[in-house]
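Common to both upcoming complexes is chain A, partnered first by chain B, then by chain C.
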Partner chain A sequence: MTTTLQTPPTLIPPSRHPHADIIHRLEAGGSMLPDTPENLMQIIGIYKAYAVPMDFYWRDLLYIAEQVFLDPFPFFKYFISQEYLDRPNHYAGDTADLRIWRGRASAHPELLEFMEKGELKKKLPKLLHHLWHDRVNMEFAEECMRAMLWHRHMYAPVNQFDAYLDSDEYKQNADRAIRAYFKKNPVMLGLYKLFPDMFLEKVRELSYYSNLGLFWEVMAPVFFEMSDIYDEGGFKGVPDAMNFLVNGIFAIAGRPIYHHAYIDGECYEIIPKSKGFTWLYEAALPYVEAVFYRTSPFRGTKSYNAQANQVPADQKDFHYGILYADVFPVGTAGIPPTLLMQDMLHFLPPYLVEYYHQHCRGEDDMLVQLGITFQRSMYNVTSAVIQALRTALLYPLDDPNPKHRMANRKFFEAQMDRFLRPEARLRDIQSPDYR
Partner chain B sequence: MPTIVDIAVQTEGFSTLVAAVQAAGLVEVLQSGGPFTVFAPTDDAFAKLPPGTVQTLVQNPPQLGRILKYHVVSGKYTQADLKGLKSLTSVEGSVIPLDLSDAFEVKNATVVMPDVEADNGVIHVIDNVILMG
Partner chain C sequence: MLSILIWLPIVAALVLALLPSSISGPKVRAIALWGSAGILAYTLFLASQFDLSNPGLQMQEYLPWIEPLGLDYRLGVDGLSLVLLVLNSLLTWIAIFSSSETTERPRLFYGLVLLVSGGVAGAFVAQNLMLFFLLYELELVPFYLLISIWGGEKRGYAAVKFLIYTALSGALILAGFLGLVWFTGSKSFDYSALMGQTLPLGLQVALLVTLLIGFGIKVPLVPFHTWLPDTYVSASAPVAILLGGVLAKLGAYGIFRFCLSLFPDAWALLAPGLATWAAVSILYGATAAIAQKDIKRMVAYSSVGHMGYLLLAGAALTSLSMVGAISQMFAHGVILALLFHLVGVIETKVGTRELDVLNGLLNPIRGLPSVSALLILGGMASAGIPGLVGFIAEFLIFQGSYAVFPVQTLMGVVGTGLTAVYFVILMNRTCFGKLDNAIARFPQVEWSERVPALVLAWIIFLLGIQPNWLVRWIEPTSNALIAAVTTPAETRLAIAPIAKTPDLLLMSSPVSK
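Here is the complex of A and B:
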């Protein structure tokens, strides 16, 4: 496992990479984010603020994939059923498959309180809260899901989920579910006959709802537990927090990724668990690539004009994820992460609110400040992914064989190559003045 | 001669692997079919995985089966056969990189005991669980 080494490795010469300082820190068991108490406080506080809306995201994503399904007018898809709020998280509470968070398995109390009273702090009918836009911004979760859907072939061929969506077996499973769903609706059945691919593509999208829902079902309890451990004084530094994530990634790596739809109480296995799809290969790694690195160009910062050539032609060159994002325009038009920042604002721990009050414009630019904290925290999550991959595919950090050390070095350098483009925020987060 | 499964069962130090093969329902396959080349991680190799990893896999047989199939190659390859080869394709479908230039290395694992002959193939004992990707 990743351990912090006391002495720098001397088996191989220092790296000549432009990010050599960070590569050496990773080789010593550290994170891309510098190890300071201030950084630790920020990232843990924001994990907590992120976990509460995430507890809604994963529940509603699964609700849409499994229950709303192909509803042609899904006006109420964000009005999640009580059953899905009570649904026990597989990694929290007494009934957990593997208990990560010591807390409860049903929806988080702060989430339930917010859903009931909202920002207005008034009990009103759900519909009024929704229309007044006093709610969880579920559109952000859907945007992440679409990023995964549209950036296809990520981590292929190890990621088998994406290829399966094009298989005959998948088409047959989807066909059975579509027919069952519309069996009392001759108009939709007729449309399906005319335009089968339109419906099939919609089911593929729903499969990604399920994929992302199952991914976040794991991350929410991980972040809650990290917040609790921090409150108990359990983390000594940023590397501790990163290692907790590395261990979490390994512990859950083998959880199944599937898509079940429930139609008239009957379960249709569109992607059965028996396919052997796993959380690590089919959800986590594609998610990191799609959402942390790529996503899609913000409407408010890039021109989609084909002649301007601002947007790359090749999807693998997309660099609009949180690791590259300019957070300063958060709160203005055309900047999608604003939705998430607004969601997290409601659930900040008191120590973080106080911290923001002391800096920049205090309460007035809290959205921007927390956005930059969020960026720092995601650099730490990405560091955990990089260290987990290194642990899984390469060698221990204290391996005595110079050849093995060099293989680790090459891997870290290849990862840091992705942060050589000027938009990357890796250098910014090295300084505490970036806020 | 005993089969691959028989050898694993009878030899000390493979109890985790045997339990995993049973949980994944692969006994039948490795007992009758073949020939196979199996890279068999020892109990110590499984113990190197962080806590919870094996538990989650044992709870989910198809996912466990997939990881185990990455340790199996169709056909019988002894150490001598593998000299000069850069990689093999596993039964899982992903590629296993090989390096026999100094030691006998399979991906990020080192073979600690090569060429254990079985009725339906050959076993190479490795010191790490190998993973796809």
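Here is the complex of A and C:
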């Protein structure tokens, strides 16, 4: 699994790219994140802290897509049923299709404990925990889903999932489900007659709920397993952690992406598995593009004023994802990632808590410190995606043909071009003092 | 007993100075803090003993001292001094609280602070001109040392400038006092003996101008203010609190106690000119503050502007404007102390006072949110936003002065507008915006650093909502002050309707019943 390679310097000349040092590291099989024990400890710790809320996110996303469906007043959409908490993850436990995490298939015990007692450490009715805001910030998961929905045309024509949402076949499937869902509700049926597109668009959104839920169903066990491997001393460095992700991506790439809705116990296949949509192309790559790179401008940092021209007119120029985000204002009004940072705060492993206590303001600015760690870890995940793409589309890193090496180089340079904007945090994460 | 207020701090100062060096700095600070808290408690006790129905001097003390010089130890307190005594004790406590735990040479530092506190208290209660002068001069050297030893950069220059200006101020005041006594042929320097003197008007004007310049340097009034920005900026936060909160009030107190009360005829003659002078001071202070790039300098210039209101109120000389003026002394004292404390905290944490470098301090996690929030409150109080004590004082002054000097009052109103301008600039550059990620790893603000600001903010807020608790002490004295001053008949007629207003304002105060 571990392949640390050295580019023979004679084969092709060094890159002249401003990020040449990072490109050379990628060509040697490394990550965008420097390989230090401190970085490894940080990213693995944060994977663990991210995976626990993620275990809730994917379950609730699927619960909303499949069960809440078109409920016009979804007051309790974050109160997921026991069935969904017990729902076996397809990649963990004894029943797994492809066992990634050696742990259990139902919800993570830390998550269950948090849902029961919350920050208050008190057993209270779910509703009171919710009203006291002692809960998982599910709004963040929905925000990610909406980013994917809104940026949906970005990968055409590679991405088939999007195109399918506009097809007649999809419309018919959705139509059947909508009619079935509202069959006892003449008001909503009447509204559907008047404004069919309104409901159709809502179902497209629900399909993205399902898409993201299925994406995270994979990532949660991956991160749990990485944390376990690290605890056992299995990772020697950051490239190992990246390579685990690369291998995971390939292992899982062909998993199906679908959208089923359950109405009165009957399953409506809005996007059937038989369409052959797969995890890598229809969920993972769009997710990375939409959430890591693009999302939408934070309301607390950019003005949406059209005359001010602060927000690009073209969606492909959006650069507000975690790779570009300014994490220092986390905790302030108008900074969406705060929701996720707050979620991860509850599940930090002890070694990371201790680490944060030794730096900056210790406990008081842990939210910002863990946010920056999270940014580092997502640079590592993005590195894995870039390496996986290179493996899929181009040549091995140790290819003896200089032309092939050059093609790899061009690919890496094109990827690094995206980090030439001043907002990119790639330069910051190279330094251990960025915290 | 008023003597305790003078001698307790001075004795405490001596005790501190003589403490063995085995006692650590933080312990010395704690002793000074408890000592000043005791003095504050005693001051509040005295205030509770104060008889609001008696407009004259209370708690008088008399000891013959050097009879041939006319110098005796005569103390007394009225509403004007009482408010300032409380302010002095409060700010001494705040200043010590706001000082760093690791102040160098703590014995000398806290000793000097307490010495200053005792001297200022004495000057406020002295009823003998020479005694007042002695205690007034007592401030000179301690402040010089406080600035030149514990100040920032350019402290040597600032301290010398302060020393020269203040010494000059002392000389002018002494000349005024001596002239007054010699020309009236009085045997003693007693304040009461000199009240109601009948000197020719020309002589009165000459003496008044001498004293006005003497006190005007200390207040300070434009153009005698040039020592102030350098001194305030070079002084450390606790010293700046004392300088701006207490020492400036000493000058203002001198103007009201001596210039206005001892030379009523000359005062009435010069009043229009004084009002214009005040208006110019206000506008100058505000516009100069707008131009500053250093937040401490801004606050320093704001002080110049705010002191102008006192002169305006004094020139108008209505009972309402007098109440306003004394309220303004107190209000300005606490507001300035709050601002200087916060600026001090920002400087220690961030390491700069530059408007162009500071940014985003309201950030709740990485910034200084509580300090920034209090800074906004302080700025609003200073700019005269209703609900805070600054508004009460300024509104009383405007209401009391408008009938007498409408144009100058309106200029003063424009001045408050400009005050809002530079405080908004300050807030905007300091608190708003985003942190610079390259430098934003500031240390946490400790609770002990927040407490002084919270106490002051609470006072500012409380007295802004319930101004009676401030003006009730002042009203009888200021009425008596106005009554004692023989103003020309036409001025009196003009102010007659306004003089009734305080009764409405003070409906619940026991005095008006």
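Keep this in mind: the second predicted complex is superposed on the first by the 429 of 435 C-alpha atoms of A that agree within 3 Å, B and C clash if a C-alpha of one lies under 4 Å from a C-alpha of the other, contacts with A are read in each partner's own complex, and residues count from 1 in each chain.
In this text, a residue touches a chain if its C-beta (ideal position, glycine included) is under 8 Å from a C-beta of that chain, and two chains touch if they have at least 3 such contacts.
Every value quoted in this text rests on a predicted model; they were computed, and no experiment measured them.
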{"item": "Chain A as common anchor, with chain B and chain C clashing or fitting", "value": "fit"}
{"item": "First, second, both or neither for A:128, with chain B first and chain C second", "value": "neither"}
{"item": "Chain B versus chain C as contact partner of A:332, first or second or both or neither", "value": "second"}
{"item": "Chain B versus chain C as contact partner of A:251, first or second or both or neither", "value": "first"}
{"item": "First (chain B), second (chain C), both or neither touched by A:156", "value": "neither"}
{"item": "Which of chain B and chain C A:301 touches, first, second, both or neither", "value": "second"}
{"item": "Greater residue coverage of chain A in the superposed arrangement, chain B or chain C", "value": "B"}
{"item": "Partner chain in contact with A:120 - chain B first, chain C second, else both or neither", "value": "neither"}
{"item": "Partner chain in contact with A:365 - chain B first, chain C second, else both or neither", "value": "second"}
{"item": "Chain B versus chain C - smallest C-alpha distance in the overlay, whole Å", "value": "38"}
{"item": "Touching both chain B and chain C, residues of chain A", "value": "none"}
{"item": "Chain B - residues contacting chain A, complex", "value": "49-53, 55-57, 59-60, 62-67, 93-94, 102, 107-108, 131-133"}
{"item": "Sites on chain A touched by chain C in the complex", "value": "301, 326, 328-332, 360-362, 364-365, 367-368, 428, 434"}
{"item": "Of all residues in chain C, those that touch chain A in their complex", "value": "360, 363-366, 434-435, 437, 440-441, 443-444"}
{"item": "Of all residues in chain A, those that touch chain B in their complex", "value": "1, 97-98, 155, 157-158, 160, 246-247, 250-256, 273-278, 281, 285, 389, 392-395, 403-404"}
